[in-house]
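Going in written order, the chains are labelled A, B and C, and every chain counts its residues from 1.
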Amino acid sequence: METNVYDVTDWKVPGRPIDPRNDIGAVINSIIADIKRRQTDPADKPGAVIYIPPGTYSLKTRVVVDISFLTIRGSGHGFTSLSIRYNSDTTGWHELNPGGSHIRVENTDGHAEAFLVARDGSPRLSAIAFENFALDGVSFGANQNSYRNGKVGIRFGSDNDSVRVRGMGMVYLEQALVIQGPDALDVSGNFIAECGTCVMIVGGSQASRVADNHLGAGPVGFSIFAENSNGLLITGNNVFPRGIDSVHLKNCFRSNVSANRLQSFYPGSITLEGNCKENLISSNMFERVAESYGPFLGVSNGLGDDFGVVQINGDGNTITANHVTYVIAPDQVTPVGATPAVFRIRSGDQNVVGGNHTITNLTVHTVVLDAGTTNSHVYDSGTEAQLLAQSASYGFRPTP
Amino acid sequence: METNVYDVTDWKVPGRPIDPRNDIGAVINSIIADIKRRQTDPADKPGAVIYIPPGTYSLKTRVVVDISFLTIRGSGHGFTSLSIRYNSDTTGWHELNPGGSHIRVENTDGHAEAFLVARDGSPRLSAIAFENFALDGVSFGANQNSYRNGKVGIRFGSDNDSVRVRGMGMVYLEQALVIQGPDALDVSGNFIAECGTCVMIVGGSQASRVADNHLGAGPVGFSIFAENSNGLLITGNNVFPRGIDSVHLKNCFRSNVSANRLQSFYPGSITLEGNCKENLISSNMFERVAESYGPFLGVSNGLGDDFGVVQINGDGNTITANHVTYVIAPDQVTPVGATPAVFRIRSGDQNVVGGNHTITNLTVHTVVLDAGTTNSHVYDSGTEAQLLAQSASYGFRPTP
Amino acid sequence: METNVYDVTDWKVPGRPIDPRNDIGAVINSIIADIKRRQTDPADKPGAVIYIPPGTYSLKTRVVVDISFLTIRGSGHGFTSLSIRYNSDTTGWHELNPGGSHIRVENTDGHAEAFLVARDGSPRLSAIAFENFALDGVSFGANQNSYRNGKVGIRFGSDNDSVRVRGMGMVYLEQALVIQGPDALDVSGNFIAECGTCVMIVGGSQASRVADNHLGAGPVGFSIFAENSNGLLITGNNVFPRGIDSVHLKNCFRSNVSANRLQSFYPGSITLEGNCKENLISSNMFERVAESYGPFLGVSNGLGDDFGVVQINGDGNTITANHVTYVIAPDQVTPVGATPAVFRIRSGDQNVVGGNHTITNLTVHTVVLDAGTTNSHVYDSGTEAQLLAQSASYGFRPTP
């Protein structure tokens, strides 16, 4: 029977030979065209798997995925640190680049994306999977520490269902993964680091998971960003610097951010922006320490230490069972004279901060309740002296 | 050397050609027979991998797996919503069916199961794996919203050790996955939705994991059910409606249900039935809202709102660090005039409800202690007015 | 184009034919030599994937992996219990050995390891992956319950970045997995049991994950051991006996040990040794019960019950939202007359034990504060009678 298994190194592009090493994008587009040519019955479109063997490939043409049930799979996430390389003397190095099933994102077609997943009409694209290959943005240009090159690894540009991004490696992209309107999304087990923004959910999501990843954005973006999402589960991630935030939720509802490790060099490790309602932040390890890597000394996200390690805007959120370590040199606190904040309720009704433990070398406010906040509940999260209440509408109990 | 790698599209069934598109069940049974024919030395039975390329296959004959170390693997979980399709005008739709490595479960052999895993004698079947293909029950018959068709995706019918069901898609099966007597089970990373019951563990389990899945049962079954299990770990799951329960444990001991997102349209999001001892329910996001999808309006699981979002029967359980949102129109509360319950201790000794936060638009009992309950400990889980104690044997402290 | 996909059963070792069934180690070393011969440009070394089909292979020569971006992958973790087999009458058994992609570790080269991953120079080895095969130590010698045979499954002997060990099966090795100096390590989804020590991180780690595994060490070692690590995330694991400890951290900082299930037959389920600072232990299910399997009756780890189920040495650690079941026959408590301890702060400043629930048939100290401990905070973790404070420097509040 006809096969739905493709290998980019075996595919003969009809009419014009293209070596995938020169433009894997054109090759994959040609394969997708073949799948569409062969699968025309709406009742029988199983899709296909496109295999990318280990190798070094350039992508010059954006791939457009407009069919459901397509798996694009490699044999190796191939992550390696480009930041260390660009900031080192590489004389005598064994290797200089990422590897595995390694795609260099070098579009010459005027597009920002290596992969665009989008389709008009119904139903939503379903069950597309990206697995176990490397997307490498190659360079951030004149300033390799800028995290700016306009490149996007994968953009899901229309609503989608039960798609999966698993076991990928992504490096040196301004935006690694941007996902529009997912339902039952699974982003798991990826290494996405040294990217401007790592995982960005836009246009709302439902019932999605961002879990079990290694993530670390640059100082210009976010490790995880989501807006207008409901029921997003963020768990099991190890998030390292230097994102503006480790987790930034905007107008999100009923998320669960639990059992992560979140290290940050700046204020604002988790921010709930806008009107964030009824989210749970529990069992996380927060480590707020200072930048120690030469090229980034002096870089900041522009926020003062009174912003909070966690800042809440909205109603009914729950922050419990977290540990926070906040250790920086006192003279690094900004603005000068500010008292750093750990959990800051900036606005909202009925927020709970209970059962959290902060270790710090500084005099801090473990909890700040801004003016206008109402019915806050604060307990077992520090001493009374560590509470800054600018509202009178709250309950409080100090840690014994 | 002889190969232990099979492809269903390459296999020639001895004696009678069978196209896997017509009956992949008969093809896989023939492959298993070949493995058994070749591997006869008890000291050297490595098993095999059977690969299912992307494609549309009908299964008319039940597969019987009675050898250890067999992996059945596809290239695409292929999930798509059939519920949306059956309840929509599909004119002009790009595609109508699930895809990937897509098996239509259409038994004509009188059996309910697509796959039965079972063997007599010793040792237990070990290290069988189902990975990354789609099991599609096709139809729920005259009433596509009934969740009844008698079909079972995979049934493990005898005790087993270290088996894995990972990255599968399952849809429109009355019972997706039923597992008898597992030890060190791993059910992870699956999309199992629009099935009567998603994951069902019967006959007891030990040291097992149901983790990192997207699950959503129908109103006739459970998203996760387990009985007589010890040490079951349920974590990292995003469970959406409409199961009777998201998690239903019967006579289970020392489970850990942590860091999940659980959305429900009915009372009873987690139920500990019978004699459930010493289970932990922590760091979960519970969202109890009302049905909003036309075809299911008015459907219920028959339980009143005083049943509890979480109902506990048994001793020594721990419910802590959870967030509950409970928002439904007051006129939807049943029975009329009932006060909805969030955490209800129906029976048992030494249960703890501590450090939980409920947001609701209703007047609720955040904690109900039924008559006969003893030595309950309730703290930081609501106000005193929100406690309904029908026993005098408890300690209580309101949230500050 | 030249392929970077190898199959051990297809590879012709230049100059001397080697059957991988006789020495898969020599075959893989020959493949690695070929990769190095072909990939010589430091800017273009994508590595390769080496595939091990299901089968039974002996490894007599240690594999040395000294290139980045190498994936070694099988089709079946193949775990089966050898302990049950060695302690049973196996007459009539269907099969006797592990299976899948099954490597018997039978070095005749004088080396302890099946796989050694190590390289001098820069950069660190990156993105190496071991996936989905079985490493079988075959025998523990004259005493099959000794857990001693000197065999090591995989040793990472030099610092490394973003490596992955996923979906493996390991059995009857004295040390299954030993990893030197990892950054962004991912050890996930493995079955590693009946090994002396399962996962051992030495020389420090950062931003690493040990997650979603089934683990169970022997009484001579640890299920998870780490030293000098920062930001280690241990979550989603189901850890069963009989390790000395389920999790043993030595001089570790800011780990997150959350949402695990940890069963133990001995005191010391989690031990923070030396100077362990600011670690979080939350949402875990601890089950401390007695040995019930004949061959191991009477075996112990040498620790008394006053050691603690969790013992803390160091400052600023947080233990919260855990459940502990501690049920053993009173006459099994050691030393005779001792009062068992649940959470013991052996040394350190500013440790928190809050919101934990213990169920026991014994008279226990739920919290012990040793002499010299300072500024401990103990709340909602038992009664005042269950507190043993040998220091006066603490706050306390009983569970209501």
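Here, a residue touches a chain if its C-beta (ideal position, glycine included) is under 8 Å from a C-beta of that chain, and two chains touch if they have at least 3 such contacts.
If you're wondering where the values come from, they're calculated on a predicted model, not measured in any experiment.
Peer 1: In this assembly, which chains make contact with chain A and also with chain B?
Peer 2: Shared contacts of chain A and chain B: C.
Peer 1: With over half of the numbers shared counting as same, classify the chain B/chain C interface as same or different.
Peer 2: Different; most numbers are used by only one of chain B and chain C.
Peer 1: I'd like the Å distance between the centres of chain B and chain C, where a centre is the mean of that chain's Cα atoms.
Peer 2: It comes to 28 Å between the two C-alpha centres.
Peer 1: For chain A, give me the residues that contact two or more of the other chains.
Peer 2: 212, 235-236, 258-259, 282-283, 320-321, 355, 380 - these are the residues of chain A that touch more than one other chain.
Peer 1: Could you pull out which chain C residues touch chain B in their complex?
Peer 2: Result: residues 9, 19-21, 53-56, 75-81, 84-85, 88, 90, 92-102, 169, 189, 191, 193, 212, 214, 216, 235-238, 240, 258-261, 263, 282-285, 287, 320-323, 325, 355, 357, 359, 380, 399-400 of chain C touch chain B.
Peer 1: So in the complex, which bits of chain A are touching chain B?
Peer 2: 1, 3-5, 42-49, 67-71, 73, 119, 121-123, 126-127, 129, 161-162, 164, 166, 184, 186, 188, 206-209, 211-212, 231-233, 235-236, 254-256, 258-259, 277-280, 282-283, 315-316, 318, 320-321, 350, 352, 354-355, 377-380, 395-397
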